[in-house]
Amino acid sequence: MIHRKIIPALVLILLLSALPAMAVTNEENAEQIAAVQTALTFIWLLVAGALVFFMHAGFSLVEAGLTRTKNTANILMKNALTISLGILIYWAVGWGVMYGSSIAGLFGTDQFFLIGADNALWNSWFFQMVFAATGATIVSGAMAERTDFKAYLLFTVVMVAVIYPVYGHWVWSGADSALLSGGESFLVKLLGAEFHDFAGSGVVHSIGGFAALAGVIVVGPRIGKFKDGKAQAIPGHNLTMAFLGTFILMLGWVGFNGGSTLDGNDAYISLVVVNTFLAAAAGAVTAMLITWHRTGKPDPSLTANGILAGLVSITAPAGSVENWAAIIIGTVGGIVMLAGVFFNENRLKVDDPVGAIPVHAYCGCWGLLSVGIFSVGIGNGILADAAYAAGAPGLVYGGFSQLFIQIAGIILAFVWAFGVSFVLFKLIDAIVGLRVSEKEEIQGLDISEHGVNAYPEYIID
Amino acid sequence: MIHRKIIPALVLILLLSALPAMAVTNEENAEQIAAVQTALTFIWLLVAGALVFFMHAGFSLVEAGLTRTKNTANILMKNALTISLGILIYWAVGWGVMYGSSIAGLFGTDQFFLIGADNALWNSWFFQMVFAATGATIVSGAMAERTDFKAYLLFTVVMVAVIYPVYGHWVWSGADSALLSGGESFLVKLLGAEFHDFAGSGVVHSIGGFAALAGVIVVGPRIGKFKDGKAQAIPGHNLTMAFLGTFILMLGWVGFNGGSTLDGNDAYISLVVVNTFLAAAAGAVTAMLITWHRTGKPDPSLTANGILAGLVSITAPAGSVENWAAIIIGTVGGIVMLAGVFFNENRLKVDDPVGAIPVHAYCGCWGLLSVGIFSVGIGNGILADAAYAAGAPGLVYGGFSQLFIQIAGIILAFVWAFGVSFVLFKLIDAIVGLRVSEKEEIQGLDISEHGVNAYPEYIID
Amino acid sequence: MIHRKIIPALVLILLLSALPAMAVTNEENAEQIAAVQTALTFIWLLVAGALVFFMHAGFSLVEAGLTRTKNTANILMKNALTISLGILIYWAVGWGVMYGSSIAGLFGTDQFFLIGADNALWNSWFFQMVFAATGATIVSGAMAERTDFKAYLLFTVVMVAVIYPVYGHWVWSGADSALLSGGESFLVKLLGAEFHDFAGSGVVHSIGGFAALAGVIVVGPRIGKFKDGKAQAIPGHNLTMAFLGTFILMLGWVGFNGGSTLDGNDAYISLVVVNTFLAAAAGAVTAMLITWHRTGKPDPSLTANGILAGLVSITAPAGSVENWAAIIIGTVGGIVMLAGVFFNENRLKVDDPVGAIPVHAYCGCWGLLSVGIFSVGIGNGILADAAYAAGAPGLVYGGFSQLFIQIAGIILAFVWAFGVSFVLFKLIDAIVGLRVSEKEEIQGLDISEHGVNAYPEYIID
């Protein structure tokens, strides 16, 4: 029983590599090579998964930083419980619904509690699990500062158990009849291409963003957000946190997109990461320039959201577009985000304190669409060495079918996530109450829900 | 002399992989394969070690966040010096005591200053070094807000040079006669199994926690902590930091437990990481539910400590238990932590501002015990593809010997770490004074020890 | 089109590794081995690059923490835009100038917009890109609290497009005639050795620091920094952020130095990382002890800068010196930093709010010099298993030529970076104005440049 007894173990390895290997066969070598390739994939997905997990710290800081002091502890608790419940629920139910044996391409039906798991499955589960809780986190940001804690937890459980994994099943399960990506699916046959969402602009971000939209409609705006129908700015309490959170999210996206090759030996990971950073940069610069032009001053929190807009937008196309297209996608992402903020506040009249819906729902949709526009396609020699699962060529390269199925996927995402979430929030509201009382909201959720102050020593306005 | 001249280097690699390799032999291939396997382990331990290093940022934030503004700079300095001194001392002394040639299985006696080190040793040292300073960090949290800076540094030196590595030698050195894990050890012979502490519930956390217990007894409670024998709440100054620190620690645990396989080719790393996250989640949910039930409101800082409780608990058994057992271990860890807080404040009457002793000492012991209960054992077909160094089967699988040696290891950890630390703190108190003056404590250690304010512009209560 | 359909993919991998491989040849195996080696390098550089990227969060926090509340949003924006513009500019121009086909060893002339890139190039670009923006970030810290936002952005563009990559071309391009490292360079012929800067003490830190020195001279000190010619302390607003930033930077240096082997299969990465941490620790302890001795109290922000001083100093020699030398290098780095702060404030009378010039310019020079003193050289049996691109032996091992070329490299760095930056800042000052108005500076740049407060709810002095 040798464990942590590192010196002998390492000596052994070194001896093995130094000794003239005796009578090893080609086949034995080939097996060992395959084992190393698998091991490299496992390590890469663990590292990538760790980075994606850390995004929950990023979301916590962005959400806390962009809201008020009096609701900080509540936001931190919601985020901590989102990932904690997410881990348990995705282990018990979510994974099975997403990747279990398919019923008519609609949802999975086994592998609950990871029964019978082996090392490969644990590795896959870890990487998928850190994605699963993200959708609910998006919702927590949009509904911040007035939503009941218990109600939010109930929603999170259903989100991770059902809403996220069902749509995920349609796109990523690999089932022959999966609604959006199976060869046997009537939609795929009808539209002539498979839906392409490389790392989850749709599966993660649009689904989360549409659920958030349902949530903010049902829960209503914060007290004071609209005066005479006009949106009022309610500044967050800590920009440093918001920016640190944004940096953490950008770091996490190396794993989010880079890990989504699901293969550490796949050289084109590098293209994915490069496209990801180009789009993020373009989103930031765009948001800065537009706010500068419109208000005379470059706006910090919208610039930070510009980074996130670029990141969400490039998440679907990261592996199948050229660098210049990534920059366009990020630029348009920044514009979509800003337009979305304006649209939400002035047309929809919904209140989303951190801008989660523009960033995740709207830019997620743009990312999905952009696949149908900019994907290089396979076999035309462009990105020949790098393209992965590019789908059919996009508009720019003369194809139409990919754009059709991308639009179909967006519609399905909206109908499914917005629809189910809307009903669910109405149900939760009826049963436990979705919103805290007016008195509690004015007092702040930290005291009313948790009996604490996040910064008890500081005197605030 | 080619360095950073990346284009030629990469071209070379690519050429090599593209050219038809000439006259390569099986043996040459086998050597290359072994070299890649070693390289993958080196990379994994560097990455895992980097994540564990980052835990020092996590500890800094948890400790600073859960204490008062006036002692923040002092806490940051203690943490920064813990790792800085830790690096130098573990290089000069600690590693040699832990992994040098053994004297009767009690401690190592060479490899000081890493003399004669090669790449394998540097790699191992880096990963072990980032563990070594953690024990002292635990102590800094428990003794915060009243301990003399110089006294703490003196303790840290001895902790990293002697207290931590001697116990580590008994468990992880691989010496034949090592007290708790050597085949020649009388304890191992007597109890019929080797002590199993996969990643350090005992070696790191219990040792640190027991030293902290000795420290808080010798240094006494903060002014105002007990009134008429009743513990008073002294809220920390920044919950956002405490939660960010907790997220950083959870991230770090991917390396702490995952890296402890010491082999990047070991596929079961994935099981280790999955068990780690399941236990953390269970600890958080448990702490939240119990505080909710008892006080009517889910408590944020105890929930954060619930995450840490789950993480510490699963550190020993992570590689040798099934998923369901990991969830139980985390759940019980959450209970142990809460009971420990109650026990410390109401029975022992000790003052531990951040709850370090319940989290690290008590949950560490629970983690060690849980190995004797839930370890699957080897050769019974359970986790056959995944188990590593599982030890003898635990109670649940019909074994008793593993539980006995786990209890023996806990007793030894307590006697050694509490005993030596108690004497050491008494000595330090006699020589340089362990505690700051009453005036300095009331003023805050930032001003008295460092002449600065952590947040000089803010008006506080 | 299989993507994210992980179960089939993994099953395939496992089948491949389990099946008796049929009729595989030695040559096929050798190709596969080379492919895995390349894949490991790609993964390592992506991970290392991600850690270096995260250093931008570290710089943001150090700079924000060590300056005043009223300029925080401005600092965050500058850092976010530094990396965002850096990504786009280094993609369009900087990479080509640094690594494109050389004109007389002076600068590169193609590969702009990464035209024709393949996976290897994207991988290299990502790792180099995260370094490129660092130089400008150093400048943003030194010039904080009084520099116009637009002016800073203009400088950043030129820094990333020209100043950084030209010097980088001289050192790292691999061009035969590159000024400081090409075999055909007259300087190299004259001085008898190639300039050695393993990971950028000079290329990144001295260049950034010298540009910063030019900047602070042109922009002038903050209002109130000097009274009657005597430097006044202007404390930063948040030490916790400054320390968190320092921890993040130290984490990032694992990638910064460790990744600079540019080869995941190079076992000596471990020596690099160990030397890096030893030097950082020595720098911290040195700065703490000296400030303790001089003022009676160990100073927190100078201790944090001591960590950075050690890190910057070891960046050039990390791969070619013994452990004991790394400790000396870090120790001297701590002294150089403290002396540099004193020199800047009392002799040069320049104002550098975060101490960026001592840390990056002066310690960068010390790091470059230390190569000429402590490098073991190649072929003398010292570090035989570990040394990489050590250059000629340093003074300690009886060589002189390496020291001469290191001094030449420092002089060139100063002339180039200080000279060009000085002219550039003068130009920018003439065209758009380098400094905000007195009124804006007193009000704070957050309001005047961005129209926001970073912490709007808090009452400050």
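Things to note:
The first chain written gets the first letter, and so on, giving A, B and C; residue counts start at 1 in each chain.
In this text, a contact is a pair of C-beta atoms (placed from the backbone, for glycine too) under 8 Å apart; a residue touches a chain by one contact, two chains touch by 3 or more.
Keep in mind that what you see is a predicted model, and the values were worked out from it rather than measured.
Taken pairwise by the contact criterion, the protein chains are fully connected, each one touching every other. By the residue-number overlap criterion, the interface of subunit B with subunit C counts as different, with under half of its numbers used by both chains. Each chain gets a centre from the mean of its Cα atoms; for subunit B and subunit C, those two points are 31 Å apart.
Taken residue by residue, subunit C touches two or more other chains at 26, 29, 33, 35-36, 38, 40, 43, 47, 120, 123, 238, 458-459, whereas all remaining positions touch fewer.
Considering their complex, residues 26-27, 29-31, 33-38, 40-41, 43-44, 47, 51, 68-69, 99, 120-121, 123-124, 128, 171-174, 181, 194, 196-199, 235, 237-240, 243-244, 246-248, 250-251, 254-255, 258, 260, 262-271, 273-274, 277-278, 280-282, 284-285, 288, 295-301, 303-304, 307, 319, 323-324, 327, 385-386, 388-389, 391, 458-461 of subunit C touch subunit B. Of all residues in subunit B, only 1-11, 13-14, 16-17, 20-21, 24-26, 28-29, 32-33, 35-36, 38-40, 42-43, 46-47, 49-50, 53-54, 56-57, 60-61, 64, 72-73, 76-77, 79-81, 83-88, 91, 113-114, 117-120, 122-123, 125-126, 129, 149, 238, 241, 449-459 touch subunit C in the complex they form.
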